[in-house]
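What follows is chain A paired twice: with chain B in the first complex and chain C in the second.
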Partner chain A sequence: MSAPVGLKYTLKTIFFSKSGLLGTAILIGMLLLSAAAITSVPYDVVKTWNNPEAWQDNPRHAAPEWVTLFTGGNPPRTMVIGPRDFFKVSFFVELASLKFIRLEGNFNYQYDDFPSEWAIILDTVFHDSRPLATIHLVRPDGERVLIFRSVLESNRTRLDVTNRAVRSNVLEWLRGLGVEEPKFVLPEVALFAARSPAMWDPRRATPLQGKYGIEVELVSTGRDDDANASAILFGKVHGLAGTDANRRDLFVGLVWGAPIALAFGLSAAVLISFIQAILGSLSAWYGGKVDEVVQRATDIYLILPFLPILITISIVYRIDIWTLIFVVVALSLLGGITKASRSITLQVMQEQYIEAAISYGASRLRILFLYILPRLLPYIVANIVLAVPSFIFLEAALSILGLGDPIVPTWGKIISDAQEGGAALHGYWWWVLLPSTLILLTASSFAFIGYALDRVVNPRLRER
Partner chain B sequence: MLRVEGLRLYYRVSAGPVKAVDGVSFEVRRGQTLALVGESGCGKSSLAHAIMRILPRNVHTYSGHIYFDGTDLMGLSDEELRRGFRWRRLSMVFQGAMNALNPVLTVGRQVAEPLVVHSRMPEREALGRAEEVLGLVGLPPETVHRYPHQLSGGMKQRVVIAMALIMTPELLILDEPTSALDVITQANIINLLKQLKERLRLTYIFITHDLALASELSDMVGVMYAGQIVEIGPAERVYTAPQHPYTLKLISSVPTLRRVARLEFIPGSPPDLLRPPEGCRFNPRCPYTMESCMGQEPPHFNLGSQHTSKCWLHR
Partner chain C sequence: MVLPWRYLAKRVLFLAVTLVVATYLTILIANAGGLIDEILRAQIKYDITTNLARDPGWGQLPEADKTRIIAERLQSALAAKGLDTPFFQRTLIYLQDALTLQLGRALFISSAAGSKNIADIILERLPQTVLLFTTGTLLYSIIGLVVGLRMARRPGGIFDRTLSFIAVVTQTIPPWFFGLFFLLAFAYHMKLFPFGGMVSIPPPTEPIAYLLDVLYHMFLPLMAWLASFFGGWAYVTRNLTMQISEEDFVVAARAKGLPDGLITRRYILRPALPPIITTVALALIGSWTGAIITETVFNWPGLGQLFYNAITVLDAPVIIGLTVVYAYLLVATVFILDLTYGLMDPRIRTSGG
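So, the complex of A and B:
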């Protein structure tokens, strides 16, 4: 049996080896990220992860903002023109008993690409009859484009680029300009394109920079009628990690993925390593029938098809991540560590101090926990460290198969969403690469620490 | 004080029973020291374990009588032995101090373990007592907080002795307490054992393969061969006038500084305890083998003043 190793020596070995230091540095980074996630983003945000309403103001499929570091240029960021940015004039004509409301909002568009989308939201209060709304966009080149003219159906109206009336108005305007006959109408492109024959075509058109204005005019009949407007120009870059198809800020999901991945990997690894080691030790120490039962059960566990069983359970019960840990642990109560710790225990059992303990009457359990198991600790710890990445991978793999936790944003879940959203097909690289990188980083940090620990635990590698 | 009669301990292995201790009888008086000497593998340690009843799993036969102050330990249940005798009245210093300490416990906790296990003494009190006993074996009180790997071999041996002494036993079985130590440290430990014996009025059973060391400490010497005691008697008689041919050979194979002589050795090797020779077990190696040695096992012949020898030569 190798000499017992102290905690200090272990830590020293880890910190003085390059791989150990690197692994620890990454792990500390991950832990800081987790701490930041837990303290700065309340858990409610995670609950809202699955609520599309909460993400309405984000662009869809936006790349991370730092892509400009590599590609240069000035891609559009999301612009919000709020109700306070609109200048409001309203008056009531007694004679005709008509209320006029005029809202005018200006913004300066200086980006060198078209917005990905835009939306105009009208909040109105009206009493007797529904108001007639007219919306114009005033471009820097003086064009005043009619976007919308209609009677509002409800108190809150959201007009966006998919609105059929908007599209036909824009088409009419383009035809009136005498440009090429458009093959299709993209209001987010045409309205912001410099005047040219090909201004309908996003590939050939160039954006028109300058001061734009949105003019909203409402006519209704109630004296106390009121209205407010706001507008959003969705950008093409967003935040540190971009957004997905549901406009969700991936940064929130990725940051929250860290504590979840660490908690999942660590708790599964710790539980499984300790349970297996204790059972293996118990098996050797009590011997006889106990040994036989535990060892044969281990043999059975070792040939159980782990993944198929796990997949079956996931399909049938639609389990959440904590139940998943439970199932994984239950399927790994016995295994390789049981065998290894049994053999280590058989060796430790022969030591004189165990004999001494028996002779002065220490109970069997006391000897097991106070004398034998501490000798197994270095082995158990090394095993935990090396097992963590495999459980993080397992969670990701199950998520990609669509069998993971349906609610909690995990890294695997994000990759799974990316696959469903056709990220690879459309080139939304951030959606796939960022979570994958985080999984790889976390896994390699544990692997690096594991290599360093190997030098402590594996006597053959110990330097003389 | 301790009388052992016909003690047998056979181990079961796949090839059959190994007769590690085969019909051993002897007596130790209070305050005396009995030295048990013999080659490696002659059953010395097995005898010690048999007396303490620390048995491995593969015991084949375990029989005989062990009277401790008149109580037959063989008649007690494991629990009675544990509660009343083991460590409280007779305790043991294990072979190989290097491995006899739990590497993950501090010395103090280790020494105090028997107290905590036996009398459920609160840990702080037990540690205080451990400090006391460590002082008794000549270790400074701060040793309590050390881990075994921080101690030298001699210090570890002292710790093991302190551990055996913590329940204030009357009889101490010392199983090769100095075999892993250098000569100077050996001498220190032997001196310590002498002092402790005086101070605590202890009785020793001292197991060793080192005849010279045994002579330092012993009042009585028992010579073991192939699981049996072949000669036992007062130390001065056994050393000066050995009667059994094996004892004779054993003593003359020990080098001395004062005499220039060719070192003798015993031809052959110790017998296989699975199939010990018929009759006298020493007969294949004995220079005096006669016909009776081959067929019949010799009894112990009484040579007077507690000296007996198991050889047909005395008939």
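So, the complex of A and C:
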């Protein structure tokens, strides 16, 4: 190991090489993304990451909206027809003591694909007896399809495409039209398909564009009974990053993944590099018994099977990501950097300014921390940069084994969710590719800077 | 040649201590400081009570008898599993067994042949791991060596610069991450390669067809392993070669006008070979431990996957057994390294420690 170089030289190396600049640019981008995440997306959203109810209004498995740039077309976006969009007429017939409520909501469907799902939600207030609800869908071609007719069981009814009554009504309607006998019923397809013999089959049917109407009629017995309706047509594209199997907006998870990955990678790398360097330096500076103990302990640490122990700890104690940092640090208190900084310190100790410091009576600790450690700084910085990617990948690896943080969304966890959700099998490419691209970008930004710093860590290359 | 006995004795002593410390730590952690014992004990008690409750005569027994019978059965079940001695004492027994490689019996996992013997389970998995990772390590060593020598021929040229860059980037990316991408692209999208596993189900009966099938399944994990490691190794070779090619004797050989190929073979490779061989040997022994995450991603039935399975079902004896095998392999590797250094480095040989 040749004489250490200054911090200024280190920074210069980074900014005067192409790869260093590229790495710094990507890194700054990631830092900006993290800052944007922390300031604009509230942490509350992150807390609701695992709460399915928070994401009910999003489509399932929707691709990012920008896919249309490559594929063209006009895939459906999610449409919400809220209670205010429904035109309400209600009257009470004294003679029969019956309350009639009629709700009508219209929407214009102009997309060239079928919605991925839909849901109609009825909120009712009734007093004596439960109301009878009838729901029709009026299509642009004038067909009036009975979707649902039944007595409502509760105050809030959510009808969706999996509802058995809805399916059998749609099947009856299809049979009445005289089309091919359907092999299966997909209400989200058949109801929005242009009339043709194959309109039940999502691969052969074409969507019918135009103005649709949802008509809801309720009959109940209480004078003050009331009802409101709303409907959601789930799209096939959503936001900047699409959604996953739990309808979560991946953009939120991906954006929040940046500060978490950076915080995890950087704090682990910084803590480990500094602790190892200080211990190595200490070992050389004090020498004797201290040196012997630190060196033998380092040898033991180098032999400990790191990953198996780490996996065992995280599975037994189900630790969160911040505890994980401490475990990782505790398992790497000593290591390669200890050895290297020991040898650099041995070299620095020979220099005259140290001798001068000793002669005018500076304390040993003062010399160590103020005169020796600053000389190690470039080496420590280079090691931090080189170590960050491995910790980002470590977190992702633990997540893929199902051992990640149980609450916080991380890039690794999104990839692991995607693996479990069969994303590769079903072609939900965004679910895997976006988080892995982000991991790759972040890791390679550090690798690029590390490439520029190689001359600091490998002094032999510098001499040429 | 005289062996540096004092030095070697010191190293053996130190490595033995390291082995004991590493094993004992693993035993403590794998048992979660006694936590797993508590879980097992509660489970055994629950099993006993539910089994007894299914007995039709059980309800008629007086309360005192019930407690007594439960206590008796619990005692014998705990003794059968070896859970009746205090935790600390038991860790020492585990330590002794582990160090003498009496790996004992698994709690839940069994080998494909049905054996509960941990040694059998490990020996059954070892060939698969060696097949994949030792082949992979050998391949990347050779490719890296060739590429590295080529890079060093014209330092700063386009080939050198491009590959240095590729090397620095790829060596930060772990093999399992390449594996994810390869699976996505070549298995799911292009449907060229299988999604994982080692053989098709059902496996082919013809020996040649079987071999081809295994090779077909090996391809993607092998590529992931190569992609992650060949660059770093090429870079190391390049730097090593360049250092040596600046030595005076190489400059002298150049001045004599010897051909490039001869200089590379006789003057550069010869002194570079010992460190290269040491590194390759270390990597080869290291490859026997497999790779936990890569094997899990590719569903490769080796030691790494066994380790992961053992952890997920909290099979402490298997975890300890595997870690002990890992530790032994590592310690053996370090010892071999010490031995070669002791033989090669005259400073160590003469100083005697």
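One rule holds in what follows: the second predicted complex is superposed on the first by the 443 of 464 C-alpha atoms of A that agree within 3 Å, B and C clash if a C-alpha of one lies under 4 Å from a C-alpha of the other, contacts with A are read in each partner's own complex, and residues count from 1 in each chain.
By our rule, a contact is a pair of C-beta atoms (placed from the backbone, for glycine too) under 8 Å apart; a residue touches a chain by one contact, two chains touch by 3 or more.
Nothing here was measured: the structure is a model prediction, and the numbers come from that model.
Residue contacts after overlaying the shared chain place A:Val80 against neither chain B nor chain C.
Which of chain B and chain C touches more residues of chain A: that partner is C. Contact with chain B, but none with chain C, is seen for A:Arg366 once the two complexes are overlaid on the shared chain.
Of the two partner chains placed around the shared chain by superposition, chain C is the only one that A:Ser436 touches, whereas chain B remains out of contact.
In the superposed model, A:Ala357 lies in contact with chain B only, and not with chain C. After overlaying the two complexes on the shared chain, residue contacts for A:Pro374 are found with chain B alone; chain C is out of touch. Of the two partner chains placed by the overlay, neither chain B nor chain C lies in contact with A:Val89. Against chain A, the residues of chain C that register as touching in their complex are 14, 17-19, 21-22, 25-26, 29-30, 32, 35-36, 164-165, 168-169, 171-174, 176-177, 180-181, 183-184, 187-188, 239, 242-243, 246, 292-293, 296-297, 307-308, 311-312, 314, 319, 322-323, 326-327, 330-331, 334.
Those residues of chain A that touch chain C in the shared complex are 19, 296, 299-300, 303-305, 307-309, 311-313, 315-317, 386, 389-390, 393, 396-397, 400-402, 415, 424-425, 427, 429, 432-433, 436, 439-440, 443-444, 446-448, 450-451, 454, 458, 460-461, 464. Listed in rising order, the residues of chain B touching chain A in the complex are 52, 54, 57, 82-83, 86-87, 91-92, 94-96, 99-105, 110, 113-114, 117-118, 147, 149, 160, 163, 167.
Interface of chain A with chain B (complex): residues 3-4, 6, 287-288, 351-353, 355-363, 366, 370-371, 374-375.
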